[in-house]
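Structure provided below as structure tokens; questions to follow.
Chain naming follows the written order as A, B, C and D, and within any one chain the residues start at number 1.
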Amino acid sequence: MLVVMRSHATPAEIARVVETIAGLGLTPHPLPGATRTAIGITGNTGAVDKARFEVLPGVEDAIRVTKPYKLASREMHRDDTTIAMPQGTVGPKSFTVIAGPCSVEGEGMILECAAHLMSRGVKFLRAGAFKPRTSPYAFQGMGLEGLAILKKARAQTGIGIVTEVMDVEHAAAVEEASDIIQIGTRNMQNFSLLKRVGQCRKPVLLKRGMSATLEDWLMAAEYIMAGGNYQVILCERGVRTFSDHSRNTLDLSVIPPAKTLSHLPIFVDPSHGTGKRAYVPAMSLAALAAGADGLLIETHPTPDQAMSDGAQSLDYPALDALLAQIKQLAPFFGRPV
Amino acid sequence: MLVVMRSHATPAEIARVVETIAGLGLTPHPLPGATRTAIGITGNTGAVDKARFEVLPGVEDAIRVTKPYKLASREMHRDDTTIAMPQGTVGPKSFTVIAGPCSVEGEGMILECAAHLMSRGVKFLRAGAFKPRTSPYAFQGMGLEGLAILKKARAQTGIGIVTEVMDVEHAAAVEEASDIIQIGTRNMQNFSLLKRVGQCRKPVLLKRGMSATLEDWLMAAEYIMAGGNYQVILCERGVRTFSDHSRNTLDLSVIPPAKTLSHLPIFVDPSHGTGKRAYVPAMSLAALAAGADGLLIETHPTPDQAMSDGAQSLDYPALDALLAQIKQLAPFFGRPV
Amino acid sequence: MLVVMRSHATPAEIARVVETIAGLGLTPHPLPGATRTAIGITGNTGAVDKARFEVLPGVEDAIRVTKPYKLASREMHRDDTTIAMPQGTVGPKSFTVIAGPCSVEGEGMILECAAHLMSRGVKFLRAGAFKPRTSPYAFQGMGLEGLAILKKARAQTGIGIVTEVMDVEHAAAVEEASDIIQIGTRNMQNFSLLKRVGQCRKPVLLKRGMSATLEDWLMAAEYIMAGGNYQVILCERGVRTFSDHSRNTLDLSVIPPAKTLSHLPIFVDPSHGTGKRAYVPAMSLAALAAGADGLLIETHPTPDQAMSDGAQSLDYPALDALLAQIKQLAPFFGRPV
Amino acid sequence: MLVVMRSHATPAEIARVVETIAGLGLTPHPLPGATRTAIGITGNTGAVDKARFEVLPGVEDAIRVTKPYKLASREMHRDDTTIAMPQGTVGPKSFTVIAGPCSVEGEGMILECAAHLMSRGVKFLRAGAFKPRTSPYAFQGMGLEGLAILKKARAQTGIGIVTEVMDVEHAAAVEEASDIIQIGTRNMQNFSLLKRVGQCRKPVLLKRGMSATLEDWLMAAEYIMAGGNYQVILCERGVRTFSDHSRNTLDLSVIPPAKTLSHLPIFVDPSHGTGKRAYVPAMSLAALAAGADGLLIETHPTPDQAMSDGAQSLDYPALDALLAQIKQLAPFFGRPV
């Protein structure tokens, strides 16, 4: 942190800033210049609140010099993180497709879907047993019964399970049933839940909050990693902007800076990102080209009858066509599929 | 819901929409017009997914005609909700100030602050025992020990306690310690937590999510009310926009439409909304003028030494000055203080 | 500008930054520290592009220390600007109401409206002769004929005229017809037009762009002032956000920081800011309470028949009621009306 | 337009809506239903203001059924527009790269750059003679002298010229010097300028405004097309959001809906969209994959010495590497280069 004083700041104003810094148990370093004084701060373990200094008399600006996240940062860990699972490895040399319906709707449908995906080379099934629905009157998911169905699908086909945990209460059950635990966008800053999955030893797919900056997102990853779980996968799924041409604004432009600042893998969910199935294939290929390590795609045997999010789900022929395009395109980006 | 077909839609396309509606257990009402057909939908108990129809061939647009929230809506409950508590009544004929530090930092400080506030006519103390901090390395609050301190402050002074609940696990303890339970902005769509406080019988102050539309916000209130807890207070605290002149963009413009669509009281938190103490008084008076029913103001005996959010906290003389202005201004708006 | 190097930056990387600065004709000041080096920059007359340094190898961050605007800044001009006109003075001791229809629709209507406003103590009439309409098929304004009508209204009643200029071509005609020249929100960064009105000697009301930061806005004011026209009035009129409860998001929270950073007066347009007449009175009073120096209110004798923006226009009785409230409330803020 | 009445709307309220519609010269079609009445509107040539009806007593909602743009819409023109120029054809079967420096900085540099680009197969040079700079103190471009240099480059090498017009005054000169006239993002709703280039007979590259919805953008194209100039190329260049990881948020997700709603070609400017050269190659390939018809890339022989926007400019080796990747990848998308 660097506190920049106004050009006409008085010695008393400078002294007050120095005292405020010392009063926080930190070390002030006054640096007088030709037209103004700046005061460096060291000794902080976490982030120092910038605004605390901005309001003191005589202060022009307070500037944060270092990043507030450590374990998630590229500075701490230069190489890209890879996550090895029985079904495959997530990382810079591969491209991982996770597909499946929005919700677990019943046993037959999930078993059939798992078998279909495995037959197409898709090694991970996504499906929610606990559903974060905007309306309390909407279908809330099959709960523990849904988890049992997912476990059965894994036992029968070997497919990896990706499913969402919504609260601390069900964390153990979700961890047991899943190969990758999903944290949904609305819970990206549910810090109690982040701490809890930091205790898990399964990889965590962390969806970006609807208005999360890249720093907020990496700080949420830091919460999980600070608990000892270093297997975090970031997942971009669209953010809230003024733009109204689709359900959300899928922000592919976050991928290059995320790769620069962090070593964590990053996936893209074009289904929630666009909200319309017609836009999913183009945005999937664009995600691959932008540097994503994988995709999360909603697919359903009969999208028009889906219990949730049918409008953004691909049917099987559309998924097959997209997988064929990915297979052809991914090697161009050093990601043999 | 009304599904509007394109002008050149074929009879087969219209038939498919009708079938899709019927397949969802709803009743389709085809309404042929001069240039195009529209199809009304009735029989839905909750909201119908608009996007489900938008993707069908021949469909121009799908339009939601009724609001997805019921208990929170002005249509269901024409009069403004008032919430009576021992310390005072929240509603259209009063203006309620809640003040206090960001965090419970210790017993002496809270007791002293409670006594000071009561001496100034402020009947509610806000202070967090559980703190949702962006960084896992920042002070996370005093937890259960903090709740014990708040209970002691209430016992000694009679002041009402407003404090945040962060997870289902601590809901019972927070309910016991508080007169108003706070749901923080990052948990506005933590649906497990919303359902849990729907079981509480204390009023809930529901902060708006950083990118929540008014509808999202009222749907979150609906989750609480659907559980039988009708005492919900909305609280605007700034939203995320492109604008960078303050920590958030305090959206006072949401107050008139919130009052039009809902009967619930609405408070404003200008401290988080601006992030700088110098801007708090002007925005407090503006909130009153815009129609707010109360304020949530961070105050601290020595803001420069606060353990969190010191930069946006008023000191006691600044709070006193603001209270004096409110006392003079509130009667103009039919809110004797 | 201060360029902060990474902790492991090499001497060669530091040397390249120093050379880049020198190559721009500026003076580099390397400041080695315990863990990293920072490099100060002086000698720039205008702003230096921050991103130019951020991309160089070894650079952690580039930090702007001074503001890029000068004439518009409070540092340059400590006292609030006041603008004296025959009809009244704009500034911190007064509260100026500008009212009138969106468009000049005809002579009778404007003369009648001007007379009505003067009878109510409103000294400035707003009405557009040139209209920036989103659709090329919408009414584009009466043009020069409209300006002639406005001049006639001024001659007959003495009312001040506020009207928009859309291009350099008509700048002289608009200047002649108006007492305050309006720059619309869509032209806030039409730099050719800003330079042209910088040559005018009438006050300029500069509407904020739909996604303009406070800095963008003050830089637009700087363009006008750099031409020698120091009589600039800022006007907030709503910005674009994710929020959909009204036409725009009226950002009253910009007022306190604008007053801190700049000496220029600031007005608020709650009609465009909300888009609905029912919300205008509450937001008008909130603007006054937030520190605004005046209002721009759309009013129309028969809003339901207005040729543009009828939905956000007050009728005369509604305007009268609002003026009565302002009269009562403004003295509280040191602004006798 | 469809006006939906509340369920308890009175006959008098319905009659007032019908009268208001008729009073606008339009035809009302009342459609009584089981629980409420809706009123259709026909006879409008342009868009009808939705908000005008929303404020009438008894009205629940007003819903726009048809799009306000016609010439730009896919409904009017089913096939993708192609634009043939001597240097090449813009459209669905090709991928057009436009490259060059931000500004014309001098004759030698432009002639050298044009020759280099032609040697690499790049047929269009972009460079600004008139520069829209945020600061009045920044380099404003070489003006007419710059246009003369661009004409010389075209004469010597045959390269196509893409350059920005900032005002009506210089429109004729820019049209003469250019093969594609650029409208900058800050002028997307400078309607006087849009009308003027509608009179030109050169293609117009229309950059998206910083907070323009897709509809705003297509309406701006409609302004140009309404003047008889149908050769419009849309260009996405990043929008303003809360996100701060790059200069703007490059919105590739707008491409699929733009292609659905309109027949116009769409380009992407990843240089302004990201503001950092390191992110340009990934976003360029992603734009191609998302369905873009071309790119606008800033390149400079020595970016660190550029007079503007150096931080986002590629040097020649980086451009060469990107062109090689595009050459390999474009045929996959049916766009032989």
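Details
The rule is simple: contacts are C-beta pairs under 8 Å (C-beta built on N, C-alpha and C of every residue); 3 or more make two chains touch, one makes a residue touch a chain.
Remember, it's a predicted structure, so these values are computed and weren't measured experimentally.
Steps from subunit A to subunit C, minimised over paths through touching chains, total 1. The two sequence copies subunit A and subunit B touch through a face in which the numbers common to both exceed half of the numbers used overall. More inter-chain C-beta contacts link the pair B-C than the other of B-D and B-C. Centre-to-centre spacing of subunit B and subunit C amounts to 31 Å, using the average Cα coordinate of each chain.
Per-chain CA centroids place subunit A at a distance of 26 Å from subunit B. A straight line joining the Cα centres of subunit B and subunit D is 39 Å long. The residues of subunit A that reach two or more other chains are 211, 239-242, 244, 278, listed in rising order.
The residues of subunit B lying in touch with subunit D in their complex are 2, 4, 29, 31, 33-36, 38, 40, 42, 60-61, 63, 65, 211, 240-242, 244.
Per the touch definition, subunit B reaches subunit C in the complex via residues 211, 213-214, 238-246, 249-258, 260, 273-274, 276, 278-279, 282-283, 285-291, 328-329, 332.
Interface residues of subunit C facing subunit D in the complex, by the touch rule stated above, are 20, 23-24, 45-47, 49, 51-56, 68-69, 132-138, 166-169, 186-187, 189-193, 195, 209-211, 216, 219, 222-223, 226, 239-240, 247, 275-278, 304-305, 308-312.
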